[in-house]
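Both of the next two complexes hold subunit A, though its partner changes from subunit B to subunit C.
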Partner chain A sequence: MNKKVKQILTTNEIIVVYIIIALCILIGIVNPVFLGMSTAITLSRAMLITLIFAICEMVVIISGGIDVSFPAVACIAMYSTIRFVIAFGIESPIFAYGMVALIGLAFGALNAYLIAKIKLPPLIATLGVSSVANGATLAFLGTKEISNIPEKMDALSKVFLISYTNSQGITYQLTALILIPVSMIIVAYYVLKYTMLGRGIYAIGGDKNAARIAGFNVTRIQFIVYMSSGLFAGIGGLTYTILMRQASPQSLMGSEMMVIAAVVVGGTRITGGHGTVIGTILGVLLIAIVQNNLIMLGIPTHFQTFVVGLIIVIGTSITSLRAKKIANSAKV
Partner chain B sequence: MCMADTFLKLDHVKKYFGGVKALKGVSLEVKCGEIHCLAGENGCGKSTLIKVISGAHNATEGEIYIEGKRIDKLTPIDSIRMGIQVIYQDFAVFPNLSVAENIAMNHALMTGAKKMKWKEARELALHAMEQIGAHMDPDILVERLSVANKQMVAICRAIINDAKLLILDEPTTALTANEVEKLNIIIRNLKEKGMAIVIVNHKLDEIYRIADRLTILRNGENVATGMIEEFDRARFVKCLTGHEVADDIYRPEYFEEEIVKVENLTKKGAFENVNFTLRKGDVLGITGLLGSGRGEIGDALFGLAPAETGTITLNGKKIEIRSVQDAMKYKIGYVPEDRLTQGLFMDRSICQNTVAASIGRYMEKTGLDHKKMKEVTWQWIKTIGCAASSSEAMMRTLSGGNAQKMVIAKWLNTEPSLLILNGPTVGVDVGSKADIHTILHELAKKGIGIMIISDDLNELIHNCNKLIIMKNGQTSGIIETGDMSEAELTGLLNSGM
Partner chain C sequence: MEKSKKFFKEADKNTLALFGIALLIFALMGIFAPGSFLGIANLQGMCIQFPEYGILALGMMLAMISGGIDLSLVGIANFSSIIGSIVMIKTGGSGTSILLGIGAALIVGALCGTFNGFLIGYLRIPAMLVTLCGLQLYTGLGLAVTKGPALTGLPESYSLLANGAFFGIPIALLIFIMVFLIVAYILRATVYGQHVLYMGTNDIASKYSGIHNLKITITTYLIGGMLGAVSGILMASHYNSAKADYGSSYTLLTLLIVVLGGTAPEGGKGKVAGVAMAVIVLQLVSSAFNILRVNSFVKTFVWGLLLLAIMIITKVVESKKKE
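Here is the complex of A and B:
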C-alpha cells in the first residue's frame, strides 16, 4: 500500500499541484489579497478560453497527434460568422454558435482527412491548414476589427453566475460562459475514461498498429478526434469574441504554444497515449497564474513570456525525463 | 474449448500474390489438445499461412475446414469468432495502458461494448492470469513489463476470447532460456485443457522440447509432417533447408598473438571488473541471462555507452573508447541486437546500407563514386552469399537471414580489427545461420577478433572456443567450451557457477 501512496504522490498531476501551491504561497506572502475570492474569479475568467482549447489539444495529443491549427480555425470560424450575422442582421446567439461549430467541424474534417487518409504527419497537416485558414481570413474576409457585435450575443457577456464585491468596493463577476469549458471537462472526463471510444483514443496513441489488430477503427477515431477539435476551436473563437466584445481576425493567433505548453505541463506526453483531464486543468491553471499574477511578485510584464517559456522547457523536460526513466527502469 | 478431434484442416491451400506463389499447396491438420510446431526458413510461407488462417489473407485456392465445417470465406472477425487467436511477434499490446485493460480490451471490442467497465476488466484479467498461472499487478502499465510478461499479457488476452486454437508466431525470439521454460509450462497447461496450439519457430532445440507434431514448410509447400519422434536432427535440418548442413564445432589453431585484451573494465550499474583476452583465431562468446550485463559489454566496446574505468588493448596498443567515433577510428565494428531499428536503413538500397559505415572512402572531389560503391556491394553480395538480385534492391525486400548478412558485410567493408556481434542469428533461418557462422570462422582465422554476444547456447557451443558467462554484471566464469553440452551450459548459467 505504501508503494501505491508513494506512486500517487509522485504523479505528474500532484507535482503540478505542488508547484501551484508553492507559487500561491509565494504570491500570497507578498500580497495577501491574492488568496481570496477575487483571484478565483479572475483566474477562472482567464482560464476560460485556454481550457476550451486545451481540452481538445489534450485529446488530440493523447491520440498520438497534434493540432496547431485551432487558433486559425477559431479565427476564421468566428470572424466569418460575425461578419455573416452582421450582414444579414441575425441576432440569435444559437445560430451564431451553430455556424462557428459547423465551420470548425469542416476544418477539423480537413485535418482528419489529411492525417488519417493521406497520412500526412499531424504537425505538417495542421500547420498547413492553419496557414490556409489564416490566409483565407485575411484575404477574403478582411482585417478590420469589428466591435458592433449583435446585441443579443453581446448580452451573453453580461450574464454572471457569481458576483463578489471586496472590501474596497470592487466587484468581481464570473461569466456564465464558464459553463462551456466546465461541461466540456465533464464530457471529456467521462468519454476518455468510461467509453470504448475514449479508450480507443488512448489505444491509438499507444500503438496504432496494435489498435488496428485489436479491432479499433483507427480512421474513424482520428476523424472524431480532429473534428471535435475543430468544432470546439470554432466555439472557443466565438466565446472569446463575446468576452472581448469585439472580433479581430488575428486575435487568437499565436496562442497554440501556450495551450500545448499547458497540456504538456499537465502531464500529457507529447508522444501520445498518456494524459488526463485533471492534469490539463492543472496545467492551464499554472500557466494562468504565471501569466496573471507574477506581476504581484514584482516581476515585470515582459518577464512573463520568459517565465512561460521556462515553464514549457522545464515542464516538458520533466515529463520526458520521467518517460525515459520508465523506459530504462527495471521491468517487472 | 475445442470440441472436434481435428480443429483446423487446410487442404491444398494456395496463395498467389500476382505472379508470386507464396503458398503452392499446403495441407495442414491441427488437432485439439496438441502442440503443433510449424518450422521453415524465412520466406517459406509461414507468415502467409498464418495470415490465411487468421483471415487476413484469402486463399487463392484450396479448402479450409474448422471443426469439420467447410469455410468458404474466412474474414479476420470470423476467424476470431471461431476461436482462432494469433499472438504476433511484437505482441501488439498497448504500452500506455494497464495490464487489466490490455487483457480485457479485445473482449470488449469483440462483444461490441460501448462502455469501458473497469471493474469487469480487472476481474477478467485476474481470471485469465490465474488460468495460465501468471502473476502481475493488473493496474501496472504494460510499458513497465519485461518482454516475457508482455507476452503473458498477450496470451491472457487471447485466451479470454474463448480461444480454441492459439497461434504463436516465433514466441521465443526475445526470451531468455528461463523465460522460455516458463512459457513452455504455460503452453503445455493450455494444451492439457484441450486447446490446439500452433507454434511457429525455427530453433531446433526449442521445438524438440515442446512439440507433439511438426510440420516443415519449404518454398510454400509442406515438405514433411509427423510426430516429433519421427524427426532426428539430421532429417529436420535436411527438410528445412533442402540440403545437409554441417553441424561442426569450431576449434581454432592456437596462436599467441593477442588481438584484444580487456582489463578491469567497469561501468557502474552495468558490469564490473571484466577481464578477458581474445587471441588470433578465437571466437569469443559472451552470454548470461537478460540484465546480466552481456549486451552492455558490447555497447561499451563500441562506445555506445562507454565504460568508466579499465583498459582496452587492441593489437598491442592501449586505446580509449569514449564514443562510437573512437570505436570506428580503431576499426571496431558492431552488429547490434536489433538490426531492423539499429543496424539497417530498411527503406534504402542494399548498396547504401553496405557502404554506410565506410562512406568516407567513396568520397571523390566531385561527389560520391557510385560506380565503385555498387561494385563493392555486388562483390560483398557474392562473397557473403546473400540472395539479392541487385545491389539497388531495397533492404526491406531481403529476408531476415540475408539482411543480417548485409549488416555483417557493412562492417567487413570497414576492414575491422574487431567485430562484435550481438545476437548475430536472431530471426535468421537455419541455412543462413550456418553461412553466417562459416563467415565468422573464416574471419577469425584471418586474424579479425570476433566476439559473439548471445543467449542461443547451441550457437555459442558450436561457434565459440571461449565463453564468458556474465551474472549480475560480473564475470562469473570464463570457460573453454570443449565438449560441453547445452544442458551443462544451461546449468552453469542458472547457477552462475
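Here is the complex of A and C:
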C-alpha cells in the first residue's frame, strides 16, 4: 500500500503538478489577483490552440515519430480556405471546417507516405513538408493579412460558455471553441487507453519490429497517426484564425518548439512508446502559466525566451533521468 | 585514362552529381544572364554569403555523423557573436580588442557546445530535443543580454573580416576554406574522426569496442559549437552588428545542405567534400533566383522540395541496391 502511494506521488504527472502548484503560489504571493476566476478563463483561452496541436503531437511522438510540419500545414490549410471562402462568398463555417480538414488531411497523408512508405526519418520528412507548405503559402497565396472574415464564422468567436465579471467590471468570457480541444482530449484518451489502435500506437513507438511481429499493421497505424495530426492541424489553424479574427499566413510559424516542449514536459518520451493525455494537458498548462505570467513575477519580457527554454531543459532532463533510472534498474 | 576511370569510380556519386548540377546552373545562367551572373560583383557577393551557413553546415554534418543532430547552431552563432561584440565594444575597438572579442566568441561557442554534448552524452537525452531546447535557450540568452535590438557600434576594421578581400579573394571565402580543411583533416586523419564514424554507425558496438562514447559526443558538439561561433563572428562582421535572431532560416538550410551532401541522417556516413559541394550548389540556386527576380518565398518552397526529392531518390536507390 505504502509503496503504491509512493509510486503515485512520484509519477511524471504529479511532478508537473508540484511545479504548477509551486508556481501558482509564488505568483499568487507576488500578485494576489492571479488566484481567481479571471486567470482560469484567460489561461484556458491561451491553452486552447496549443492543446489542439499538443494532443496530435503527443500521439505522433508516442508512435515513435515527430511532426514539425503542423504549423505550416495549419497555415496553408487555414489561409487557402479563408481566401477561397471569401472569393466565393461562402458563409458556412461547417464548409470552412470541412475544407480545412481535407487540406490538412492531404498534407498528413503526404507526411505519412514519406515516413511509412519511403521510410524517411520523421524529422527530415516533416521539416521538408513544412518548408514546402510554408513556401507555397507565402509564394503562391500571398502575404497579406486578411481581416474581413465571413460574418457567420466571425460570429463563432462571440459564442461564450461562461461569462464572469470581476469587481472592477471587466468581463472575462470563455469561448465555446474550447469544446474542440476538450472533445479531442476525450477521444484521444479513449483511443489510447481502450482501443486496439491505441495499443498499436504505443507498440510501434516502443519497438516497430516487435509490433509488426506481434501482428500490428505498422504502416496503417502510421498513416492514421500522421493523417489525423494533419487534419487537426488544419482545424487548429482555422480555430486560431476565428479566435484572432484575422488570417495571417505566418501567424503560427515557430510554435512547433513550444508544443513539442509542452508534450515532453508532460512526461511523453521523445523516443516513443510512453506518454499520457493527462500529462500533456499538464505540460501545456505549465507552459501557458509560465508564458503568460512571468510579467506578474516582475521578469522583463526579454528574459522570457530564456526562462521558458530553461524550464523546458529542466523538465526534459527530469523525464530523461527518470527514464535512464528505470532502464538501469533491475528487471524482474 | 585508366587512372581517371578509377578516379570517377571511386569518387562519391553524390558529390559528382552535385558537381554536375553546379556546372549546369553555371551554364544556364551564363546563357540567360551572363552579365549579371558571371560578373565579378555577383561572384564576390556569393563568396561572402555562403561561408556563414557553409560553416554551420559543417557543424551540422559532424553532429549527424555522430548519430545526432544539432539544431541549436544558429542560436550558438548569435549568442557567441553577441558576447564577442560586447567584449569588442567594452575593450575599446582596437586591433587587440577585436582578437579578444573573437576569442571570447569562440569560448562561448565551445561552452554552449559542451553543454549540449553533456546533456546528450551523459544524461542520454535525445540530441534533437537537447538542441531544439538549446536553440531556445541560447537565443533567449542573447535576447536577455541585448534586451532585443541589434548591438551596433562594432569597430570599423572588424567588418573587413567578412566584407574585405585579400588579392581579390574575399576573406570570408578564405576562412571557409580553412575551416573546411581543418574539419576534413579531423575526420580523415585523426583518431577522433574514426571513432565518431564508428559511434555514428552503431553506438553500442563502439561502446563495447572500448570507444569512450561520452568523450566523443562532447567533442563532437564542442567542435560544432566552435564552428557555430566562427559563423557567428562572420555574421556579425557581415552586418557590422550582432542580434539574437539573425539567420533564423539557416537551420533548415544547413539540414538541407548536409542531407544534399550525402550525409546519412542515421549517422555514420558523411563527406566534407559533399557538404562543400552542396553549399556551393545552394548558393548558386539562390543567386540565380535573386538575379531572375523570383519571389524569395519560392526559395523556401524549392528548398523543401529539393530536400524531399534528394532523400526519396537516395532511399529508392538504396532499396534497389539491396534487392
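Note that in this section the second predicted complex is superposed on the first by the 332 of 332 C-alpha atoms of A that agree within 3 Å, B and C clash if a C-alpha of one lies under 4 Å from a C-alpha of the other, contacts with A are read in each partner's own complex, and residues count from 1 in each chain.
Here, a contact is a pair of C-beta atoms (placed from the backbone, for glycine too) under 8 Å apart; a residue touches a chain by one contact, two chains touch by 3 or more.
Since this is a predicted model, take the numbers as computed values, not measurements.
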Have a look at where A:325 lands relative to subunit B and subunit C in the superposition and call it first, second, both or neither.
-> neither
Taking the superposition as given, does A:216 touch the first partner, subunit B, the second, subunit C, both, or neither?
-> first
For A:307, select first, second, both or neither according to whether it touches subunit B, subunit C, the two together, or no partner.
-> second
Check the residue A:66 against both partner chains and state whether it touches subunit B (first), subunit C (second), both, or neither.
-> second
For A:6, decide between first (touching subunit B), second (touching subunit C), both and neither.
-> neither
State whether A:132 touches subunit B only (first), subunit C only (second), both chains, or neither.
-> second
First (subunit B), second (subunit C), both or neither touched by A:195 = first
Counting only touches as set out at the top, which of subunit B and subunit C does A:206 meet: first, second, both, neither?
-> first
State whether subunit B or subunit C is in contact with more residues of subunit A in the superposed arrangement.
-> C
Inside the complex, what are the residues of subunit A that reach subunit B?
-> 193-199, 202-203, 205-207, 209-211, 213-216, 272-274, 326-327, 329-332
Please name which positions on subunit C make contact with subunit A in the complex.
-> 69, 119, 123-126, 128-130, 132-137, 139-141, 143-144, 146-148, 252, 255, 259, 265-266, 295, 297-305, 307-308, 311-312, 315-316
Residues of subunit A touching subunit C in the complex | 66, 114, 118-121, 123-125, 127-136, 138-139, 143, 257, 260-261, 264, 270-271, 300, 302-310, 312-313, 316-317, 320-321, 324
Okay, in this complex, where on subunit B does subunit A touch?
-> 77, 88, 90-97, 101, 105-106, 108-110, 113-116, 118, 136-137, 140-141, 143-147, 149, 291
